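What follows are several structures.
In what comes next, chain A is part of two complexes: it sits with chain B in the first one and with chain C in the second one.
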Partner chain A sequence: MTALDNLLLISAVTLVIAVLAGNSRVGGWLVTIMYALQGAALMMMSGLGYSTLTMVQSSFSIEVLSQQLLWRFDALSWFFALITIGAGLFCSWFASGEWGEKYRDNGGSLRLFHGALALNVFSMLVLLASGDLLTLFIGWELVSWASFLIMALAGGKAFGYAMRYISYAFAGAMALLGGLLLIYAEVGSFDFQSLKEAVPTMSSATLWLLVVLLTAGFGVKMAILPFHLWQAKAYAETPGPGAAFLGAISSRMGLFAFIVVIVQLIGISRLVEMKIPFTFLDAQDLLAWIAVFTIIIPTYIALRQHDARRLLAWHGVGQTGYMLLGIVIANDLGSAGGLMHVFNYATYQAMLFMVVIAVIHRTGTSNLNKLGGLFTRMPLSYLAMLVGIIGLAGLPPMNGFVSKWLIYRSLIVDGSPLLFLGAVIGTLGTILSVYKLIHNIFLGQLRVEHVAVREAPLSMVIPMMLLAAVVFVTGYFPGLVLDWTSAVQASIGIPVLAHHLGGIDMKGGLDMIWIVSVLLVGFGFGTLVFFLGGRSKRVHQLDNYAGGHFLTAETRYHYSDNFYPGLMHLIGPWYRNSFEWLERGLISAVDTLSTAMQGLYRNAHPSYLLLAVVVFALSWVIV
Partner chain B sequence: MNELDKIPVRQEISVAQGGAKRTNPLANVFDELVRFCQSRSMFMLHYCTGCGAIELPPAMTSRFDMERLGIQPMVTPRQADILLITGYVSVKTLKRIILTYEQMPAPKYVIGICSCTVNGGMYWQSYATAKVLREYIPVDIYIAGCMPRPEAVISGLRDLMGDIKSGRADNWKRYFQNYDHYLGNQQQLFGEDWQTPTDIIAEAEHYGLMTDQTLGEHTALLQKHQQPLEALEFSLGEKREKIQGEER
Partner chain C sequence: MNLLVLMIALPLLAAFLLSIIDRASSFAARVIGPLVLLATAAIGLSVWSQLGDAPQAVQWGGFQAPLGITLYADQFGLLFALAMTIGTLLLWPRSTGNQLRSSSLALLLAGTGSGLALSGDLFNIYVFYELMTVVSYGLIASRGTSGSFASTLRYLVISGFGAALALAGIALVYQATGTLNLAQLAQVAPEKLNNLQGFAAFVLMLVGFGVKAELFPVNMWVPEVYATASSRVSALLAGVVSKLALLIIMRLLILVFHQPEALTVLLVLGILGVATGELAAWRARDLNRMLAFSSIGQLGVMFIALSIPGNAGIFAALAVAVHHLFLKPAMFLLAARWGGSIRRLCGAAKTSPVAAGLFVLLSLSLIGVPPLPGFWAKLLVIMPLLTLDQPLYYFAVFIILAAASLEANYLFRVVMKLYDKQPTAVPHKAHATADLATAVFLGGGLIAAVFMLVPLADRLDSIAAQATDVSTYIQTVAPQSLEGDVQ
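Here is the complex of A and B:
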């Protein structure tokens, strides 16, 4: 029994416990403890994260088609598994308390929820442990179906979105399968090493086909452009903490597979050699530009959402672009930034979803036009959301700043000002929409119907606060995460970023310990003045200035609908739903084609057969 | 026109005439420093009720440039020092002016621009205007004219600065000290059930400005009608026990 065997076994046991006992309150807590045990099992392999260990094999393996199927963990798998298990732990914790009871009382199957969550974690671990391309595909399919299960739980509208996802996932899996068959035809093996050795001798056309097929396959899971349409709605409608889990890590599996196959095996330097004829672009530039548009377009779609969950889920699509961008740039700064962003993003996305779900739990809505002023009612949730949006917007002192700084810096070092501009435009959209999020939920006027609202229960607040602590601490000491990303960089063969506990060693580098300490001293001074000054006076929210108007509870002075009208006046005409239109066109094309085929096979084929037979008979007679 | 003689003409202000001096010389220095700073950093909320407002843009912008004197516009009464009322005050507007004035934190100063705020001006015969502003809130400076030019506005503001520096500009205290008088005038105009969200009596206690003129028959009338607004407190779940207790 190796450490990896232990981990997978514990994960499988978690799944069994979740299915057997998930419906009871104790069962939920038991599952949460099992996730903690998975974390402990992962820590047994922590050498992977600090480059003291290169690989942990699983003793389990089977032989198919004279191929040895292998499962093993390296630094990359370990890093992603850490995020997966962490997300599973916090989401299960969140679900085990009052949220689960309410979900069960409203007719949901808690057993199925915990089971689906545990299945997701298990299948992701299997995918992360894949040791060759065939196991990668097996894990890939497992993850797809597990995600479908948890997305479809809510039924109704959610089921429709889940079906949309699985249609995309099928197409992606077919592309991936095509890529794998191509590899098998070219290399004669599904082994990682033999693919890596065969890449330099592959022809450019084969490589292009391979890169396109694989990127499309992995891109569907990542929801990069133009496959971005399925994700936000499907994730947003997933019940409660399931959305937090999916948002935090699920689509990162596409990124993981991308790193393994494209970055590690084919290699970014090979992509740079693949020029696009008649342009000055190569395959790396193409991917980088796809990443940049994946940042910009979904982020600005998020800006227009009225549902808090949709808004966050659209950001999930957009932030994928940053990770992909950093990894595609593939210098020491960019890849560290991209990998660190995976971790950072998971922490604050899970937390933000948890806050929104806590708000739904207390008020019954996530409609941004029907909330407001909850700051006084749910101050801890407010704090968590504040930390989360500072992270998501990429501002100090939270960890999102460090990863975005690394990605920006890598773009500058790489000499790509236009990509940099695109990334900055994306950040602008992020800042605008996260402000909308916190403003419409927590700031402004408290509605009459929410006066009796109280803070979320401890089972929800503690995971939020712990995640907030992680977001802050890894922002203060980014070296904690950079240790892991450096191990990953070493294992996938990218130059390792020189770093220390506070940040980056380089000319014009980054030391977050300094930055955050200066910030804290400033804030501390302000806080001292505020509290020792003692001259503040708390007033009622209706004792407010609105051009001299007398405000009453019926007066809505909280400005939430049609947010940013000035900006929308400028960019509003750009929202044309072109991709929706494209998708509908594709659907109707497939629909028409299938109707035609159906007509051919079901109705017209006897006459065609008769015709063929007659022609054949006549020709036989004549000849 | 012997009425003219009754209009008080301002004399040059000297520090000696100013507010009460403390015996401790260091405290005096400190007070003067505070007053100097206050006079040099004035944020004004312009409640532009009438035509006088048109003289403010040139006064604020590059030609006359109020900001060189440390005077800037401010968007909310909570951070403002000066309330600028620039023209005729209708009864409806006066309610808003009083609301806004009461929302400003002390020390606060009121400037009435144009003749209309002094005595109703050309609207003297109107049924709908409150003619004499200082019957309802204490006014620190009047800048008369129809309309006063930007030079006059700035001159008035400089007078106010001088008053603040010498400690004479303490009219805001009078509102608390004679609240019953002002409230009475307001009630006469707006009716008995007139109230604003701000609890002036509590504030008078807070500033230590309660006199025997603060409370009276009018405040008694107010307290009969008043529906006090309680500030929103943070809650972390103490409501939960209350609600559960009610259920049981």
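Here is the complex of A and C:
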């Protein structure tokens, strides 16, 4: 039994416990403890995260169709597994308390929920452990169908979104399968090493086909453009903490596979050699631009959402663009930024979803036009959301700042001002929409129906607070995460970023300990002035005015609808739903073809005609 | 080896005696059919266990080949003969009307099917094929609804046409070689049939036998028949009988026709079958029709697999065929109570959770989700296709993969309906126990296959290797007439 065997076994046991006991209160906590145990098992392999260990094999291996199927962990797998198990742990914790009881009382099957969550974690670990291209595909499909299961749990509208997801995901999987089998045809093996050795001798045409197929396959899961339509709605409709889990890590699996196959095995340097004819671009630029548009378009779609979960989920799509961008740039800064962003994003996205779900738990809605002023009722949730949106917007002192800074910096070092501009436009949109999020939920005047609302229960608040602490601490000491990303960089063969606990040593480097300390001192000073100055007056939440008019407690007012009218006046005409239109066009095309085929089969005449033609043709041949 | 003869003769005899037995005791008549099939299956299994690596040939009627009737049993043929027998046993028709007639027809089907699988010359193959066709008319029409009569008529016309073509093909072969014995044909084919006439004969026979194998232009009967026949009969036709027609085509390809053009024809028709079938299924509004169209698509994949030269093609086609053999009958059995518009299926999972769960499993395997057997079968088809490195083969891969995406879409639309939380006003009927039990048994077979993947693949590979071993075929059937004069 190797450490990896232990981990997979514990994960499988978690699944069994979740299915057997998930319905009871104790069962939920038991499952949560099992995730902690998985984390402990992962820590037994922590050498992977600090470059003291290179690989942990699983002793389980089978040979099918003369292909050896292998499972193993390296630094990359370890890093992603850490996030996966962490997300599983916190989401399961969140689900085990009051949320679970309410879910069950509303007719949901908690057993199915915990089972689906555990299945997701298990299948992701299997994918992360894949040691060759065939096991990669097997893990890939397991993950796809596991997410489908958790997305479809809610029924009703969620069915439609889950269906859309699986249509995309399965088409993507087929593209991936085509790519992998093309590799097999070229290389004669599904082995990672053989592919790596064969890449230099592959023809450019084959490589292009491969890159297109594989990127399409992985891209569907990451929801990069133009495959971004499915994700936000599907994630948003997933029940409660399931949405937090999917948002935090699920679509990262696409990035993981992308890193393994495209970055590690094919190599970014090979992509640079693949020029696009009649342009000055190459395959790397193409991917980088796809990443930038994946940042911009979904982020601005998020700006227009009226549902908090949709808004967050659309940001999830946009943030994927940053990760992909950093990794495609593939210098020491960019790849470290991209990888770190995976971790950072998971922490605050999970937390933000948890806050929104806590708000739904207390108020029954996530509609941004029906909330407001909850700051006085749910202060801890407010704090969590504040930390989360600072992270999501990429501002200091939270961890999101560090990863985004690394990515920006890499773009500048790489000499790509236009990409940089695109990334900054994306960040602008993020800041605007996260302000809308916190403003519409927590700021302004409290609505009458929410006067009796209380703070979320401890089972929800504790995971949020812990995650907030992680977001802050890894922002203060980014070296904690950079240790892991460096191990990953070393293991996938890209330049390792020199770093220390506080940031990076270089000209114009970054020291977060210094920055955050200065910020804290500043805040401390401000607080001191505030309390010692004595010239402040406490005002009631409803004692307020807007547009020169006093607002009374009788006519409460919270400005939420048609947010940013000036901006929308400027950019509104750009929203054209072109991709929705494309999708509908594709469906109509298939529909038309399908109708034609049904017509073909409805009439028997074609059969007779074809038969007659065969007879005549052959008699002509013979005579 | 009289046992082999019994496999064919026993069901046929029982079929003819059934109405006489019925006079004496209707109970005996009801039990005797399944019992005979059970005995036949036992015989088949005992032959299988003796067979090993050496195929066996039987000369019937006291003459040596090419004059006598040759039966040839290798694991390949025997596998399909057994599938026919056991399949008929599992899918024993439970007619609401004349049970006696259905029973005799089913016995006839089993007997002629085994005969088809084991025959060693073209003439017998033709005779058994025709018998089987006539029997299936009866089975389809036995439901007695006007729809089933209409579809039977359509099937009859196309089948008749096909049979005439197949006969013409056989005539061409005979004209060129002077023999219909497959072993002898295998000997002379390289010199006498490797020409335009041989190719013409192949196309005629392909189209002729292709009617039952749901080959593209001659499969227009499929959706109507499967939608109107009783689901057990549909299961038999789609699951088992179509595979027997495929077996003939495989035998012909291995032994007689080696033209590269033949492979191209198979490839093109296969691609067209997959494309038209899966596309048509996408819009199908009732489950039976959807399954019928998807079955056309699956058979198309088998034809594409057959177009791969050499052992790999036969292996791949065999794997897909065996997978489909388990899967399609189970799906048709589930569709028995889920007929009519798919919209009416809302919430059916509440009434029959086992059936719904099984449907999900079958769908997953059908679209090829690892680690279910459907995935490995698909892998076996695509892997060699890509190594062939020709544009048309690449296109075939594209079609197979695109078809799988369509399949995932339309099958899971049904699954979504099944699990819909708002049930329809009309209460759903639970499945008949026998139907459900059979479907669960077949589905269990698929799951068992996941755990026995390695030995199973080895076994199928060895079956395919044995089937493609032409010299063994020749030597087994006619050890002394290797130099025998023909014409």
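The rule we apply is simple: the second predicted complex is superposed on the first by the 590 of 623 C-alpha atoms of A that agree within 3 Å, B and C clash if a C-alpha of one lies under 4 Å from a C-alpha of the other, contacts with A are read in each partner's own complex, and residues count from 1 in each chain.
Note that a contact is a pair of C-beta atoms (placed from the backbone, for glycine too) under 8 Å apart; a residue touches a chain by one contact, two chains touch by 3 or more.
Predicted, not measured: the structure shown is a model, and the values here were computed from it.
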Partner chain in contact with A:171 - chain B first, chain C second, else both or neither: second
Which superposed partner A:597 touches (first chain B, second chain C, both, neither): second
Touched partner set for A:44, first chain B, second chain C, both or neither: neither
First (chain B), second (chain C), both or neither touched by A:520: neither
First, second, both or neither for A:498, with chain B first and chain C second: neither
Which of chain B and chain C A:543 touches, first, second, both or neither: first
Touch count on chain A, higher of chain B and chain C: C
Partner chain(s) touched by A:446 [first = chain B, second = chain C, both, neither]: first
Chain B versus chain C as contact partner of A:454, first or second or both or neither: first
Sites on chain A touched by chain B in the complex: 373, 376-377, 379-380, 446, 452, 454-455, 537-543, 545, 547-551
Complex contact set, residues of chain C against chain A: 154, 157-158, 161-162, 165, 168, 172, 196-197, 200, 203-204, 207, 217-223, 276-277, 279-280, 282-284, 293, 364, 367, 369-371, 375-376, 379-380, 382-383, 386-387, 389, 397-398, 401-402, 404-406, 408-409, 412-413, 416, 419-421, 453-454, 457
Residues of chain A touching chain C in the complex: 62-65, 137-138, 141-142, 145, 152, 155-156, 159, 162-163, 166-167, 170-171, 174-175, 177-178, 181-182, 184-185, 590-591, 593-598, 600-604, 606-608, 610-611, 614-615, 618, 621-622
Residues of chain B that touch chain A when the two form their complex: 47, 76-78, 93, 95-97, 99-100, 103, 105, 196-198, 229-237, 239-240, 243
